[in-house]
Structures are given as structure tokens and as C-alpha cells.
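So that you can tell them apart, the chains are marked A, B, C and D in the order they are listed, and the count of residues begins at 1 in each.
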Amino acid sequence: MINIKSAYLNTRNQFLTLCSNLETEDYSVQPTEFVSPPKWHLAHTTWFFEQFVLKEFSSEYTIYNDDFAYLFNSYYNNAGERVLRPNRGLMTRPTVKEVYAYRNYVDSKMVVFLDSNPSKKALEIIELGINHEQQHQELFYYDIKYIFGNQPTFPTLKNSIALNDITQKQEFITIKEGVYQIGHNTTGFSFDNELGVHKTYLHQFKISNNLTTNAEYIAFIEAGGYSNFNLWHAEGWDFITKNNITAPLYWHKVKDTWHYYTLNGFKPVEPNKPVTHISMYEAYAYAEWKQMRLPTEFEWEIAAEHLNYGQLWEWTNSAYLPYPNFSKAPGALGEYNGKFMINQHVLRGASIATPENHSRKTYRNFFQADMRWLFSGIRLAQ
Amino acid sequence: MINIKSAYLNTRNQFLTLCSNLETEDYSVQPTEFVSPPKWHLAHTTWFFEQFVLKEFSSEYTIYNDDFAYLFNSYYNNAGERVLRPNRGLMTRPTVKEVYAYRNYVDSKMVVFLDSNPSKKALEIIELGINHEQQHQELFYYDIKYIFGNQPTFPTLKNSIALNDITQKQEFITIKEGVYQIGHNTTGFSFDNELGVHKTYLHQFKISNNLTTNAEYIAFIEAGGYSNFNLWHAEGWDFITKNNITAPLYWHKVKDTWHYYTLNGFKPVEPNKPVTHISMYEAYAYAEWKQMRLPTEFEWEIAAEHLNYGQLWEWTNSAYLPYPNFSKAPGALGEYNGKFMINQHVLRGASIATPENHSRKTYRNFFQADMRWLFSGIRLAQ
Amino acid sequence: MINIKSAYLNTRNQFLTLCSNLETEDYSVQPTEFVSPPKWHLAHTTWFFEQFVLKEFSSEYTIYNDDFAYLFNSYYNNAGERVLRPNRGLMTRPTVKEVYAYRNYVDSKMVVFLDSNPSKKALEIIELGINHEQQHQELFYYDIKYIFGNQPTFPTLKNSIALNDITQKQEFITIKEGVYQIGHNTTGFSFDNELGVHKTYLHQFKISNNLTTNAEYIAFIEAGGYSNFNLWHAEGWDFITKNNITAPLYWHKVKDTWHYYTLNGFKPVEPNKPVTHISMYEAYAYAEWKQMRLPTEFEWEIAAEHLNYGQLWEWTNSAYLPYPNFSKAPGALGEYNGKFMINQHVLRGASIATPENHSRKTYRNFFQADMRWLFSGIRLAQ
Amino acid sequence: MINIKSAYLNTRNQFLTLCSNLETEDYSVQPTEFVSPPKWHLAHTTWFFEQFVLKEFSSEYTIYNDDFAYLFNSYYNNAGERVLRPNRGLMTRPTVKEVYAYRNYVDSKMVVFLDSNPSKKALEIIELGINHEQQHQELFYYDIKYIFGNQPTFPTLKNSIALNDITQKQEFITIKEGVYQIGHNTTGFSFDNELGVHKTYLHQFKISNNLTTNAEYIAFIEAGGYSNFNLWHAEGWDFITKNNITAPLYWHKVKDTWHYYTLNGFKPVEPNKPVTHISMYEAYAYAEWKQMRLPTEFEWEIAAEHLNYGQLWEWTNSAYLPYPNFSKAPGALGEYNGKFMINQHVLRGASIATPENHSRKTYRNFFQADMRWLFSGIRLAQ
């Protein structure tokens, strides 16, 4: 099974590359509840393989450290008995060095296990674990940007990802009315939330080939978009009012010019790059201002092959809900997707932070409407 | 136009009947943010006719009191300049008597106006105003129950509404797969959110003829439903944990027996009545426990003619989103529905608190998932 | 014992006079935690006599209503078992009419009891109850001003109290260094917190004969007093910053002129009246700006006979702490004063809201530093 | 001026010794608002010498890094203009290594300056800076204990401080009534808050020679001290109720035995050591339970020579208020003490965390009543 072993090792090593320019101090902070420290991501993704693979399927496996199982479990509900609960951003111990040792230990055991002709069930969970680690690698980018972008000195992440200019002329593609097939067929990996090929009826619509640019978004700001409540959801208006939001996250006006923090530094906003770090509320208000709308996730999936996508996850106007015949796995792995299917919104596509080969046309990403730290973008429909 | 005049007067008088057993003190309190005092409902529905009908269409109309326009406008966004903002539950003035005088004034002007051959546009807005007032009459029931049900002395509302026992045997009706028509056609009144007859694809499903009863729900409680996190949305689990919720709203355990507050008094829970005052989270968890699910709003609409409904609004597993080609009216009336189309959930049917003739098969009611003070219920699908 | 009976009846009737111009709606609201609704004051002061006098000393007394004992007890700690806790501002029942009936019932029983040659112990508690009711009568003024002064329509209280102009020229009185006697001697009523005549050493000081006027305070505002953090306690600076405080409570700038709400209406600030509705923090900052200080409560007591006082309670720079040999009564009455002796500040004098004969030179009033709804004022010392 | 130079260097080096067993990760976290990360203490105390000594008095001095001046200034009020505000626990940069370089830079400049015959004014500020650094060294102990003591793995600080058993028999010393002298005379260093020798009148009192032990405090717990509201200030009762406090900070019941976290590890509570990490509220309630009281700070100062003290700061029943004729220094240094003189409480003595020679009989330490992370203790008076 040479294929999955190299996929495992590639993914595991990729995380070390992502972290190669961090200082020890950068690994441990948690500036807000939805951000996790890099150290936690490194340990938690390791714990996944220990908990669901080695502990389940490898009879001679010895838990590295009972504390780690407790500290890096994200499924708090069945956590053991302790005097104190872990708080991700306040754990100075184990140290970064100790977490890397934990990774090495689990990796060495996983290599032995992968060489031992694992069962089909085990291989499925390993594949899930690889995809899980890739998701945390994407979150790592969101989180380190938040960690750096909220410090007064704006540190940078050397050799980091950057968006490209949008160079193609904007066009609206027309898709005809009819019954369409939606969802992932059973070849290749997918998450449970995209499973179940099924039919949906779409009415005719048009969809932009490109994402919205910073220049277009600045026009919205300058037209008073953030102070015209008619453009906003009631809840979105409350959100921007209560939080004094007047521009995307990481934007600051310096001497009348919009600047933003990027992982490569603080600089004037670049007009031809796609606008990012906007909430679902802002995406919606922008579309209202353009007298258009956001596509549904079904429209997006059917139109995908005609679209320029992959730089930013695209807010759709679809709530994250189960497909017909959705069923979740038993036990802890069943907590993966189903329990989040309320008050979240589907994003389609992929972003520059997404690991290679991690996304696909049927991939359903999802976040709450007020999240802005992800690499999100806007595509118009009508 | 005798028809709309009598509809107007009937609806307006109906509110007086609803309030006929209140004490003056009951009109003014606001125990929580989502509850409005009865006095506010009485004045706000009056302001609707003053603002959108008389002020717009009746040239000789004189505003009753500029303060009232400011105080009873629920569309805060364009409110005028004042030293202080109104706070619904803390306004002891105008008094109840003054609010009734305001109603009389507006009603007398409306009668004159209705007799003066109003334009089609004006008649449409009056019809909307009547439906608006009916919605507030339903909210009045939710609110007065909350006002009374959270006082230690549990006051009652004389001659009030009550649920009936469910007497029919439970069956599951099967609906075949196919393309179906959804939405309101243009005959008769409807809200903008249900407009636009359009097609949707439904896969085959089964749906219960009856609502879930208190006895069935107590079985869920006694089976530990409120302490098994696997049954809950992650957000629902946080909600019940943070708020120590272990039963529907208004339920209290007294000497090992579940009791509840009803508008007719505090009493042991009646087993054969449909369970109510549960959040969307609880409806979902109950369905999970039964290894079934809630229907979508589209499934409900297609199955409606086969169902026993009308006692309680039924949580569906559909997010409140625009229909294809949804468009909102310009100006303040456009704020009626569209701006709420995020993070809310559709309920279908009607309740014992719904004014006569106010609901229909295509009616889309909607609330946030954590709301429990409405007359909500559970219907299972699979 | 004719004297205490007439004191009892006078005090009880006085509360009816205070409330004679209220509307029913005004009795029940609680706009913020530290404000109690008038209805609650009326019932709570009645409960005091029922609980501590009639129930204790009158063998044939029948509790008027067990609910009332529960609802109007301010000593929550020993409250009985109920399904729900009372929330002062949300109880629409008992009605105002029922509360007045409760007062009548208790008063009629008290008259019989007072005529029955009560024990010395009982008489002492009745005297305490009279003083307790007077304190609540003063609180009534603070509370009704807050209730009216936070409504957009600024209702007035007909025939209400008003401050007088300060007409005497300001002088600073000098008091010599030495050992002085502080505290109440045993003749006449006093609270336990002022008991225990004892010695204190005072260094020489000067104290103003007059209170600070609105004109003087406006000079402080216009000199930027609210934006110069050097004048403020660190905690005071946080308080005004977080709450956007730039003037006394009830002040509003209308077209460049300071106005304020008084119980007699909304009007331009009157320059020669003493400034009121300022927190301890503001009093301190004003004194700092004048390069003076507030007196201690001991300085105040020794200088009192030379001062013009009685319009407003005067913030001193003394924390509310026990006198040497302070001891509290056993049981619930012991909760009266001692348990508040931390993080509160002594005010001396009396105010226009204080019932006649209620205050004296040794009286120790006390509030938290951030309270502004009381009738507080500023006197300088150096 | 060899004396102050060696005092400077000793104090500065002492901080390196305190930190010698920390991991890099331990330097940067801020688990709660009142705790500062060790890195911040190290930089802030350095900034003090840069800002108030080198920048003021050394003409050729070059600021090490403008960012540091902004980041490590605790006097936020006059902070410069930045896009973002520093947040002590979330700054991963500058790194620990960079902060130590900053210390070295400032120390080398200070040595040159100290050798250059500084003015008397400069020497006074250096002496203040040394005492300031000593205060932060004590805070370092409180903070690192909080950082470690709230992690589930309970890390230890090697070679750390520990309390001693109380071995002497308890006695109550009697002090006679009379006029006494309080405050620091002008020989030797003191803070401005203890200056101004003045007279105070003390009534006769008794004071314990010893601090309260853990065994004595456990008796209080076991007698239900934490559930008898009569023993508590109203505010203290709210504090323990809202925060579920049933024992001192760092105490945990494991299998029916009280354990606590100490810097040397998690272990059963040692009965003969003095109880610590109790709030002012708990100290007061304990004294009430013993039917005694806490001494005032004046009683303590007069009795000090008869007392066994120095292990723990002792809560007095005195509010932190200015002495007669207290005056604060102009400018930023004037912010040192005066602005905290409200709602804080005086502690007298010293603790095992206090640097050598830092305390004295007249030293006035002060904290809010709810603070428990300091090394506080209880001494009874009557």
C-alpha cells in the first residue's frame, strides 16, 4: 500500500514545512476563541492517528502520554476526569519540542503499522486522518495570520502564500433550467457531508466567471455600503454596528489610503486581487449593492467547470444542511460533520491556503456567517 | 369595498378581545429582549396604518402624536433625533388609556379613508397591515404567556386558548419522488417570502400524520435525551448546557412529576397533548433519538393535505432562504421579510394562537433555533 | 405610647402622598438593577413590619399572603422554596391596588398592636421600621427620577422637590488639630453603624461652607475635566471611558447648551444650584482639578455645625468601615449595615429627598463610587 | 555612588535568576487580565529605566526600539498612535531572546550613566526604578504560579520559594489606647503613599502574634464557612457564589482530601503552614467565624514589632486611602500610587515572594478585595 504511506508522510511533513519559519513563541498563543495555537494543531492531528488508528487497530501500541490524549482531544464531550480543563492558548507545557517528539513517535509507529497490511477499515480512517490533517493545515494559515495580524508589530511569515491578480475579463455564464445531479459519487475520498448523489431542480441563472476584486469592493465601501442598512441582513447590520466594522478584516486606513496586513507584510491594498476576509454578511451586502445575489451551492456545483476558482472559498447563499439520505458514522467519527449542520453557511471552491488535492467540485466547506479570518471571497450570480 | 373594511374592523376589535382580561400592570413589562409588552403591540400595529396608509394616502390626515411615531416604530434604522432611545419595557408613558385613545383615533380615520374609495395600492397595504396586526396578535399570546409564566405567582389569562389531545393513531404517509410545485400562486393574500411558484425535486419520503405528544417527549427526557450529546447539534448542546435546559420551556418538576405553566394555570403535564415550547435544537435531538428526522419545508408543503396540523407551528429542517426570483418591495415595507433570511429556520402549519384565516399551506413562518416561547411542535419524517 | 403611633402613621401616610401623582403604569418598572419599582418599595416596607413586628410579637397575627412575604423580602438569602425567583420589575401581579390593600391590612393590625402596650424590644424594631421606610421614601425619589428621566418623553412628577440656589458667598472654615469625639451618643434613634462614641485625631484642615454649583462644575467640564486622565482615579477613568460619561447623569447637550432632566421637567441647567447626580469619581476629579480634596467623614462631622448642608448628600473621601467596637444585631436585622462595609463610600449630610427629621450630624449614608442616581453633591476641603 | 550601582545590578540580575528555570513558552502567556507574562515584566521594568532615567537625563541616549517603548509602557493613557493596541499575552514578538537583548542594552547604558556622577534627582528615580523592579519581581511569582497552577499538567518551578510551618504558640498581644505616630519618616527609601508622619488615635486592641494556619482554615471550611452567608460581606457572598468558590485558590479536593498546587508541585495541603491565596472577603469571613476581626493598618503598624510576620501579606480592614497631606509627584511618576486610592484594601507585612529588603513596617501594599493570586494571609485582632 505504497500510495497511502507516501500520502501520509507527505502530509505529515508538509506541516513541518509550514511551520519552518515560526519562532518558539509563535506556537502557543490563542488570540481569540476560534483560533487555535499552531502547537495545538500539530499535536491534535497527531492525536487523531493515535486515537482512531493506533489505539484501535495496533494491538502492541503504547499511548505516548495520557496527558496528551486529554489535552489535544477536540471532542471534549467524552474527555476524562481531571482537576483542570485544558485551555488551548494557555498551555505552555508540553513545549514545542515535546510536541515534535510526540509527532515523531506517532509517525514511526504509523510507518510500522502501514507496512503491516492494515485492514480496509483502518485504511479508510487513515485516509480520513490525512484529510483531517490537511484541514488543520489550512486552519493553520487562517490562525497564524490572525496571530500575526493582530500584533502591533505585524510580523510576517517568510515565503508564504499570496493571492494572484484577476486578469480575465468578467463574464456571466448562463446555466439552463432543469433537473441536475448533485453530490459526490463513490470513487475517491470524500467527506460524509457531500455523499449521496441526488437530484435537484435548478431554475435558469447566470454566474460570474471571476471573483470580486479589491477595487470593486472599495467602490462599495466608498459608496457608503457599510452605512446603508437596506443592503444588509438585520443580523449583519447588528454585527457590523456592534463591532464597528467598516472594511474587511486586516484592513486599516492610513492617511486616507486603505492598507492591509498580509502574511508577507503590511501594505496598500492591491486593487486587482480578489477581496478576502469578508463575512457572509458583507458578501451578501455587496451583492445587494450590485443588485445581484450570491449563487446557491447547487448552482455553483453545476457551473463549476466554467468558473475561475481556487484562490478563495466562495460564500454561497446556501445553509449547511444534510443531503437527502445523509447518515453519519457511529461513534466519535460521526461527530465530524453532522452536528454542525445548523446556522452555518456553505462555501465552495478552495483557497490558496488549501493543501494540494484537498478540494474538489463537490466539497462543502462551511462556517458561521460572522467568520472573517478564513480566506473567503465573493462571486456574483443573478 | 365592504369586505376589507369589515376585515379591518374585525381584526382591530379582535385585539381588544384578546386584552380584555388584562390588568393595567400587565401591559407594560418586557421580561426579555424578544418579548414586547402588550401596550407596544397595540400601539405599533396602529402606527403601521398611520405611517404606511394614512400618512401616505390621506392628504388631510394629522399625525396623532409625533412621539408615538417615534416610540412605536419597530424599524429603528430610520428613527429621528431624540435625546433618548425608546426602550419598550421601560416606557410607563403613554399610558394604556392613551394608547387605546390612539387606536380609536386611527380607526376612526381609517374608516373614513376606507369609505373614500382608496386606490388599489392603498388597499394592498391595508391588507398587509391587517396581516401584520394578526401576526402581532399571535405574538401577543407568546408574550403574555412569557410575562405570566415567569412570575412566581403564575397568573392566568381568563378564557384563553388551549391545546387539544391528539386522538388519531400515528401513521407515516409516503410521498413519491419527483418534481413538485412549491410556493403561493397569485390568488389571495400572501407575504412576499412565499411568492414565486417554482419547481423543486423531492426524493421519496415518509411523514407522520400527527405531532409528537408530551408522553412521547417525556420518554425522550427519561431516556436521558438531554444528557446524550450525540443526539444534538454542537450548537444545541452548548445552548442547553449553558442555560441548564432539561425540559421544554415552562416545565418544572414538582415532587418528581412534570408540571407546566399554561395560560389556564399551572398543572401536571397532560400526556396526550402535543409537546410545545421546544427549540429547533430540541426538535432535532428528539428526531435523532427516534432515529428519524424533521421534514424539509418542501416535503411539508407537498404532504400538507394528508397531515393533521394547525395546533402548533412545526419546526422543519429548512433554513429560511429566498425562493428563486424572490424580490423585496422598495422602502420600509421591503424590510418585512428579506432581511431576516439568515440563521433562521422555517416552521410550517399554524398554531392555536394564530388568528383565524391567517395561515395557509404555503405560509413560511420563521424563528431562530433557540426560540422556545412560540407555540412550536415536532413532526417526524424519515 | 402616642408618640410612636403617630410617627408610624405619619410615615406610612407620607408614602401615599409621594405616590399621589403616579399613573398605575409608573409603579412597576425597573429600568436597571439598582432601581426598584415604586410598587416594590410600598410592599417591601410593609413586609418589614409584618415580618419583624407582627409575626414576632403579635400572637394572633395572620400573614396577609404567603406569596407577598416571599416576593417583597429583600433578604434573599433565607428565601423559601419556589419554582421561580421574583424579579422586581417584571412582577405585574400583585397589582398596585392589591399592594395598597396589603398596606391597609398591615397598618390596621399595627394600630391595634401599638395600642396594646408593646414591649420595649418591639418598640425598638418599630422605630427601626419607620426609619427603614423613610430610607425607602428617599430611594423612591431616586428611582422615580431614574424611571422618568430615562424615558424619551421625560414625564414629570407634579408638585415635586426642587433644589434651591446657593446664595451665600463661599468661605473656607478652619478647624484646629486635635483629638475629637465621633459617633452617636445613646439618646434618640440611630443606626448601628454610627454607634460608639469614640476618639479620632484630626490634623488641621479647611472646609468650604457651600456645595459646588452647576456653574462651577460646567467650568470643570469646559476645561476638559472629563478628558484629562491625571485628575481621575484609574478606576474612575475606566468608568467614564467605558460608559462614555462626559457630564452628570440626566444632562444632555441640546444645541450647545447643557440641559437636564429634573422631576419638574427638562430644562437648561440652572447655574446657581448645587451640582448633583455625580459619582464619587467625578466628585474626586473635580476636587483634583481645583487642587483641593474632599473632606473625610470625620472632618465633616466635626465641622458640620459651621456648614450649609441638607440639599445634597456629600461624597467624603472616607470608605464605609466599622467604628471601633461596632457590633451587629443577631439575625436578619444584623444584615442591615455591617455586610455592606466594603467598597462603599460615606456620604454625609442629607438631601431634599430625605424625609424630615431622618438625618443627623452623625448619620453615615453610603454608596458605591459609581452610583449617580442619588442626590449627591460636592464639598471641597483642603 | 558605588552603592546604588551595585543595588541596580543586583536587582537586575536577580530577575534573571528568577527566570532561570523557565521554558521559552512560559514567558508569553497571560491567562487572565490581572496576570502579566514574564516577558512583559522583564521588558517593562527595563522600559522604566529607559523612559524615566536614560531618556530624561542622558543626553546621548538612543532609544533601543520605538516599538518597545510603546509595547511595554504600562501607562497606556499617553500611548502613541498605532494601528493596533498591544495585548500583553498575545505578543509573540519581540521574542524572549530579543527582550533579553533589550535588557542588556539598557543595563550597559545605565552602568555608564551611573558612573557619570548623576544628579540627585536622577538617583532618586533610579532608586524608585529599583523598587519598581522589585515589585515586579514579586508579581512575577504571583503570575508564574497562576500560569502553572492553571494548567492541567501542573508544571513546577525548580528551586522555588516555600512557606515555613508556624511553630510558635498563638498569643494575643494587647496594645494600649492613645495617640500614636504613623507613617514613614524621611530617612531611607519609601513610596509616596507611606510618607507624612502623622498622628492617629487607637483604642485598646489585641492582636495575634501568628498568622492563621491551613489546619485552622480547614476547620472553617468544614464548619460550613463558605455556605453561611451571615459571615460574609454582601459583596463577598456574591463573589463566592457567582464564582463557585469553596476553598482558597489552587485548592482541589481529591478523594476527600484537600490538595493544593504549590510552585514545588501538587500535594496534600500542609496543616501547619499559614493559609494563603485567600481574598479579602475570605479573610473577613474567617475572622467573623472566629468572632474576631482583622486589624486596621494603623493597629498593625503600631503592633508590628511584636508580631511574627514576613511570610505572607496580611489583609487589614483598612481601605487604601491617602494620608493627611499626601501629595503626588507631577507627571507620569505621580500615577504610581494616588490614582489607585479607591476600592482597594491595605495589606501589611511582606511575603516569601518579596525581594530582600524591599518591605518595612510602614509599607502599604494594596489590592482589590477579590484578588487571590497574591501571597496573602490572615491575622486576627479583637
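Keep this in mind: contacts are C-beta pairs under 8 Å (C-beta built on N, C-alpha and C of every residue); 3 or more make two chains touch, one makes a residue touch a chain.
Just so we're clear, the structure is a prediction, and the values are computed from it rather than from any experiment.
In terms of their C-alpha centroids, the spacing between chain A and chain B amounts to 36 Å.
Separating the CA-averaged centres of chain A and chain C is a span of 57 Å. Rounded to a whole number, the gap between the C-alpha centres of chain A and chain D is 45 angstrom. Counting partner chains per residue, chain A has no residue touching two or more of them. The touch graph of these protein chains is a ring, one cycle where each chain has exactly two neighbours. Screening every pair of chains for touch gives A-B, A-D, B-C, C-D.
Looking at the complex, you find that chain C touches chain D at residues 77, 179, 198-201, 203, 229-230, 232-237, 280-281, 284, 293, 317-319, 321-322, 324-325, 334-335, 339-343, 369.
The touching residues of chain A, when paired with chain D in their complex, are 23-29, 31, 67, 70-71, 82-87, 89-96, 147-148, 150-153, 155, 252, 254, 266.
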